[in-house]
Amino acid sequence: MDAFILSYAVVNGLLQGAIYGGVALGLSLIFGVLRVVNFAHGSFLMLSLYISFWCWSLFGMDPYLSALINIPAMFALGYMVQSVIIAPLIKRESAMVVEPLSALLLTAGVFLVMDNAALMAFGPDVRALQAGYYVPTIVVGGIPISGQRLIAALAAFAVAGGISYWLRHSDMGRAIRATAQNRDAAAMSGINVSSVYAMTFGLGCSVLGLFGALIAPFLPISPAIGLAFGIKSFIVVVLGGLGSISGAIVGGIVIGVFEAVASQFVTATSASIGSLVLFILILIFRPQGIMGRA
Amino acid sequence: MTSPVLETVGVRAGYGDIEILRGIDIVLPPKSIVALIGANGAGKTTLLKTISGLLPLRAGKIALNGEQIGGMMPHKVVEAGFVQSPEGKQLFPDMTIVENLMVGAHSKRARGRREETMEEVFELFPILHERAKQRAGTMSGGQQQMLAVGRALMALPRVLALDEPSLGLAPIMVSRLMDSIEKVRHRDLSILIIEQNIFQVLKMADHAYVLENGEITKQGSGSELLADPHLRSTYLGL
Amino acid sequence: MSKSNWARSVQKVLMAGAMTAAMGSSAFAAEAVKMGCVLPLSGGSAAVGNQTKVGVEIAAKQINDAGGIKSLDGAMLEVVFADSQSKPDVGVTETERVIARENVSVLCGAFNSAVTFPATEVAERMKTPWVVVGSVKDEITERDFKYIFRINNKATYDAREQIDAMDMLKDEFGSGPKTLAMLYEGSDWGRSHAANVKVIAAERGYEIVVDEAAPPNQTDFGNQLLKIRAAKPDAVIVALYTPDHLLFTRQMMEQRLDLPFGVHSVGGGMEDPAFYKALPPEAAFYAFVQEDWQIDILKVSTDPAILSADEATKAALGYGMSAYTAQGISAVYVIADALERAKSADREALRAALAETDIQSGPALVTGYNRIKFDEQGQNTFAHGVISQNIGGERKTMWPKENRAADSTPVWPVPAWSDR
Amino acid sequence: MKTTIAAKSTRSGGLRLNQTTVLVTILLVLALAPIVVTDSFTLHSMIMVLFFAYMATSWNFVCGYVGQLSLGHAMFNGMGGYVSVLMFTQLGLSPWLGMLFGGVLAMVTAVLIGLPTFRLKGPYFTLTMIAFAEIVRIWIENTNEFAGIPLKGAEGLIVPNRGDDFWAFQFSTKLPYYYIILSFLAVALVATAWMERSKLGFCLKAIRGDRDAAEALGVNPTFYTSLAFAISAFMTAIGGSFYAQFFRYINPERSMGLELSIDMAVMSIIGGQGTVLGPLLGAAILTPIAEIARGEFGGGLLGLHLVVYGLALMLCVLYFPKGAIEPIRKLCLRYFGGNER
Amino acid sequence: MSEEILRVQGLSKWFGGLQAVKDVNFSMQRGEILGLIGPNGAGKTTAFNMIAGFLKPNSGSVHFAGKDMTGHKPWDVCRAGVARTFQLSKPFGDMNVVENLMVGGFARHTDRSRNEARAFEIAEFLGLGDRARSEAQSLTAFDRRKLELGRALCTEPQLLLMDEVVAGATPSEAEEMVQLVRKVRDRGVSILIVEHVMKVIMSLSDRVIVFDHGELIADGKPADVVSRPEVLKAYFGENYDIAGA
């Protein structure tokens, strides 16, 4: 394989990987703080894509502009799911560590309800933002780069950087980190733990709100799209280290570049089997992931 | 007699269907140091957790400066002025010392005075100032204990509860810490302290309660208890 | 869209209630003929199933509005829909239900070969005729079954026709592809199509340089496109369902991937009207699409039933007829034709009538065939696909040559992106 | 402190005498049911209920008792189906024997997979199992032939029709299938009831209750979980063979897909995992819900039954962590008396 | 009677940079009750866990009845005849008392009815006969401790490791536990007991070893040991010398 194709593959992998990472950010954040694996992660993205679609289709709203609706809407939904559905579980088991398995089952329930409610409400048809909406493709060194994907990939870096900075330098961010590290100690420091949990869940989902708006212009939208991204996100965050913000981006890029380069040598199917094998090996031998601390 | 800063009446609490505290009455006068001593599992930590709101209060009353705080959410209790420096190393290990301290001042009441309070804490524990940017998890046991106390002070407590501050510390560190605690009492602050290192703590305490099996079995001034042969026998079985 | 879906569901519930009430109170003038229709109404192929369902509904309504089955005293056609969820076991269960419980006279469906294959076996065993809609798996009409009939193509026909079209263009213009890339979805349909293409391409001297299956619901085709770019094939044969086809086509445009002899799609996404709503028209320019009906039939046809069916489809779905809708329509008209001749709703009589089917005109030929007649295996020997090329946003029939309209000239080889 | 929801969700031993009575009564009623039910579709639906009950029971055998959530069990289902069908079509071996080979393959796979993964906790285990099952599914879907074996990829395998032939596992009526799956289910239930009272059951429940304490009492968690996992995989594979023979068709998408794994787990959890009768109850509740949703709305309300599954799952986790069987058991206790244990 | 049942040699354990147990040596005779005491954080539990197989020592060895058990897994240690209890009792909450006890029995016998009979016997022995069919999670804290002891006994140990058996117990409960432990010893079981409550240790132990900061600082008769200055210092800090002693 010549150098051009290889560098092309790497560029493709970087773009797609960064988008994977951006989509997975919320999953990692929520796990890091609440120790809850949100099985419904992809469903939130799916819903956010639909919001962007409907805003565009009904009101002609620019999809990038619809982020202004998506972000608060997904925040509110995430906040609600946490405080209405998951909080009672945490409360019931307050004497012990939050049981990750029951939380997983709960979010699996949320996944079933959201995906199929979307199917009932929107029907199974594939939708896509139409034609007219178009960001030009730029060509760098002979390699065409989709403008829309580039924007989404850059946003992934920006959001990851922004969240990391915010976690470090704001009062709420510090409170979130403190709660993640020691829930009881955080409560004893005057932090309202249940509100931090709900905020975190909301924040994690609002990132999906943003990415829904960013990828809606180039991704066909159907109720099933959530699971595709959901499973990818699990792989990405486990690879990068569950709970790590930078890990999500790193994991995304590793998977993106791995699949891009590998699929030049073998079929894309074998490459996706390869990424699953990688995922299992990481879980068994390095469960903290690439960026996680032992 | 001045009204007490903290008063508990008939406090009952426990885990699941097990009752650990069977009616605890304690009183903290202003600017006092009160010690709570007793064997492992006697319920000392449970009492602190109950006052802090981490465990549900099953019966009884807890008043802080006359305000009922029993059954409040933990952050509300901190806001009201009861702050606990928890047992062991319950810090935020991946955060720096400064960040730990800043989180300590998370409550609305304390946040405004954060910078000044931090200066005061640094004055009290200069070592924390020197290592301000170090991650808490990488510090020695004694430094962590100081940070825990410092973090509690950041919340501008009216009552500071210390859970086994000397646990696992070398004797020299214990003495230093106790000195600092002595200094803290001169601020407008009451201290409720739980200790196994009973002799040192009794020397410094104005009043002490002995907790056994979730009940107060003995109380008195520090020196009274120090002189009590019964206490020695409870502890040493002699 | 969401609203109408909900509304329809609610309507259905109400109707069901009303119907039960009606049945209890009064007798119908002539007893309705029940036909079952097993389709993937949820699950992976739900969109397609839904379009077929609309076609079936439209045709049944047209027949009923025109007085029902005349030889049965104007008996109404009553369609019982069943959702296979694209799952074999559910499809079989539903088939059992419709045959045993609903007591239907005839069945149609079920799009997914994976469902049709075992479900038709139930029909065969329970001696209920079944008109296959959409499934192309060859074996479906190679089992010596007596009750199974298929109007549309077998999978091997599809592959052969695609290569036939390339050969035809080669003869016509003197140049054509030598190397081919294949990109197909990694489930039953895509894989079996690819396997057939491979055999026929080898026979005709084409070289397959890329052979790539993609699991459904991709989020990116960049890697596959790059592989195609690196292999520099002359043309690509695509078998993808709508979401993946959309993504592929969009990215192909973004990446300016030039293939001298273009994209040859075997339907799937490119025969789905939703596809064209979702892309800028230039994305699909010059693409060849093989479909199970003639896309420009509305231009040639004067049959009012077909024209009104297109209007009805637009009303129901928001876009015009597709191959799926057309196949649904065709199946119902074939069944109605058999009912008229059988003069009975009895399954045996109906089977016999279906076996005798020989339709040479009418709305049943909405699919663009000139005749429907089944061989002893139940396969319509006159079935064929139609291959069109997208010229300026319009799909114009190019193959078979005799179906080509006067003003349709293929663009061959296709211009590069930079020249468009 | 590490008690799982499963740990809290179950009771052991059960109404020992009563449970046996209930079990025998249910099986008897089911065995006699075809006298009343002659309609082929109802029989078919009942076979589906029994099939899912059997699958959920197989899942429950390890996951319910150890308290791990496997969402990869469909993999074993597929193995059973593929091995029995391939042995039948390629070697002419009776599916009755072929299913045993499928079971053994599933067992070996389970042990190989279980050894490294069973020490993973909670969601990590679940995600790993999903990944394993997906690998197998994607591989089969994309492999037309492997070492001379025609796997036929996504197309799936067809079982040639042999008419009414017991050794070919083919019958022209539903009744034989009904009794076959009923006896499979009976064996699975009895095996679960026996396991619950045997050393294996005690060890599994101990591991779920507190892994450290179990170890201290001489329980080697790896050994017992692997053993139970292997048995469960074997049972699941037998179910897969039944599925393949009953429909005479099997494809990877359905028989190894995530959805089937979710079905097995959700039925077991909603019914009451870690109990003998819970999975049966779960299947008896949920399978008809899906049927009714389909039958009544004919696809009008797509996915309704899955919404119901999801809601039921959430309600169960939050309010009936011991599954639907718990309130029923309490009611029975109140009205029929009997020992709590 | 002087047969050695446990020998611990040069046992050390590091956690990161912290050495929790430093080169500890001691041994136990068959039939002996050995008390292990020391202030919080002295390394008692770490040493205890290494003997029981829950932690792997960095160096040193543990011999049980002449057999090297260093680094063996807990279940192997148990089957070799060493049972343990936990500081926080860990009953299997949704199993009843008899079932909990039976788990222990299965460590040695697969015969269910034998184990059940034996479990009832042990339940009687513990004074839990009337609660034999109650769920373990409905027991009081003290009954759970007894259950934990009983479970360990069901594995038919030669050596029993007990961690803080009377923590949180009322004096009368503590007394009951002391009697129980004596009865266990009378059945021929050797006992290593870690305890905070001195009264219990003093009245139970034949011999006492004292840990401080991971080191073994004293070994001897209970009465002798507690009067040693290093022990007093470990317990009460620097200024232990007070009036009234």
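Letters are used for the chains, namely A, B, C, D and E, taken in the order the chains are written, and counting of residues starts over at 1 for each.
Methods note: a residue touches a chain if its C-beta (ideal position, glycine included) is under 8 Å from a C-beta of that chain, and two chains touch if they have at least 3 such contacts.
As the structure is a computational prediction, the values presented were derived from the model and not from experiment.
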Message = Taking contact as defined at the start, I'd like the list of chains shared as neighbours by chain B and chain E.
response = none
Task = Would you kindly count the fewest steps from chain A to chain E, each step being a jump to a chain that touches the current one?
result = 2
Query = In terms of CA centroid distance, which chain is the most far removed from chain D?
reply = B
Query = Counting C-beta pairs in contact, does A-D beat D-E or the other way around?
reply = A-D
Request  = Averaging each chain's C-alpha atoms to get its centre, pick out the one most distant from chain E.
outcome  = C
Inquiry  = Distance between chain D and chain E based on Cα centroids, please, to the nearest Å.
reply    = 42
Ask   = Cα centroid separation between chain C and chain D, in whole Å?
value = 37
Query = From the C-alpha centre of chain A to that of chain B, how far is it in Å?
reply = 42
Ask   = Centre to centre, by mean C-alpha position, how many angstrom separate chain B and chain C?
value = 76
Query = So which bits of chain A are touching at least two other chains?
reply = 119-120, 123-124, 267, 269, 272
Key: Residues of chain C engaged with two or more neighbouring chains   = 9, 41-42, 46, 49, 186, 213, 215
Key: Where chain E touches two or more other chains at once, by residue number   = none
Task = Name, in rising order, each residue of chain A that touches chain D in their complex.
result = 37, 85, 88-89, 92, 96-97, 99-102, 104-106, 108-117, 119-120, 123-124, 223, 231, 234-235, 238, 267, 269-270, 272-273, 276-277, 279-280, 283-284, 287
Task = Under the touch definition given earlier, write down the residues of chain A that touch chain B in their complex.
result = 95, 168, 171, 174-175, 177-178, 181-182, 184-194, 293
Note = The answer for chain D against chain E in the complex is residues 1, 3, 7-13, 197-199, 202-203, 205-206, 208-210, 212-220, 339-341
Touching residues on chain B, where the partner in the complex is chain A = 15-16, 52-54, 73-75, 78-79, 83-84, 86, 90-95, 99-100, 102-107, 110-111, 151-152, 154-155
Note = Touching chain C in the complex, chain D uses residues 39-42, 44-45, 48, 138, 141-142, 144, 153-156, 158, 161, 172, 243, 247-251, 253-254, 291, 294-303
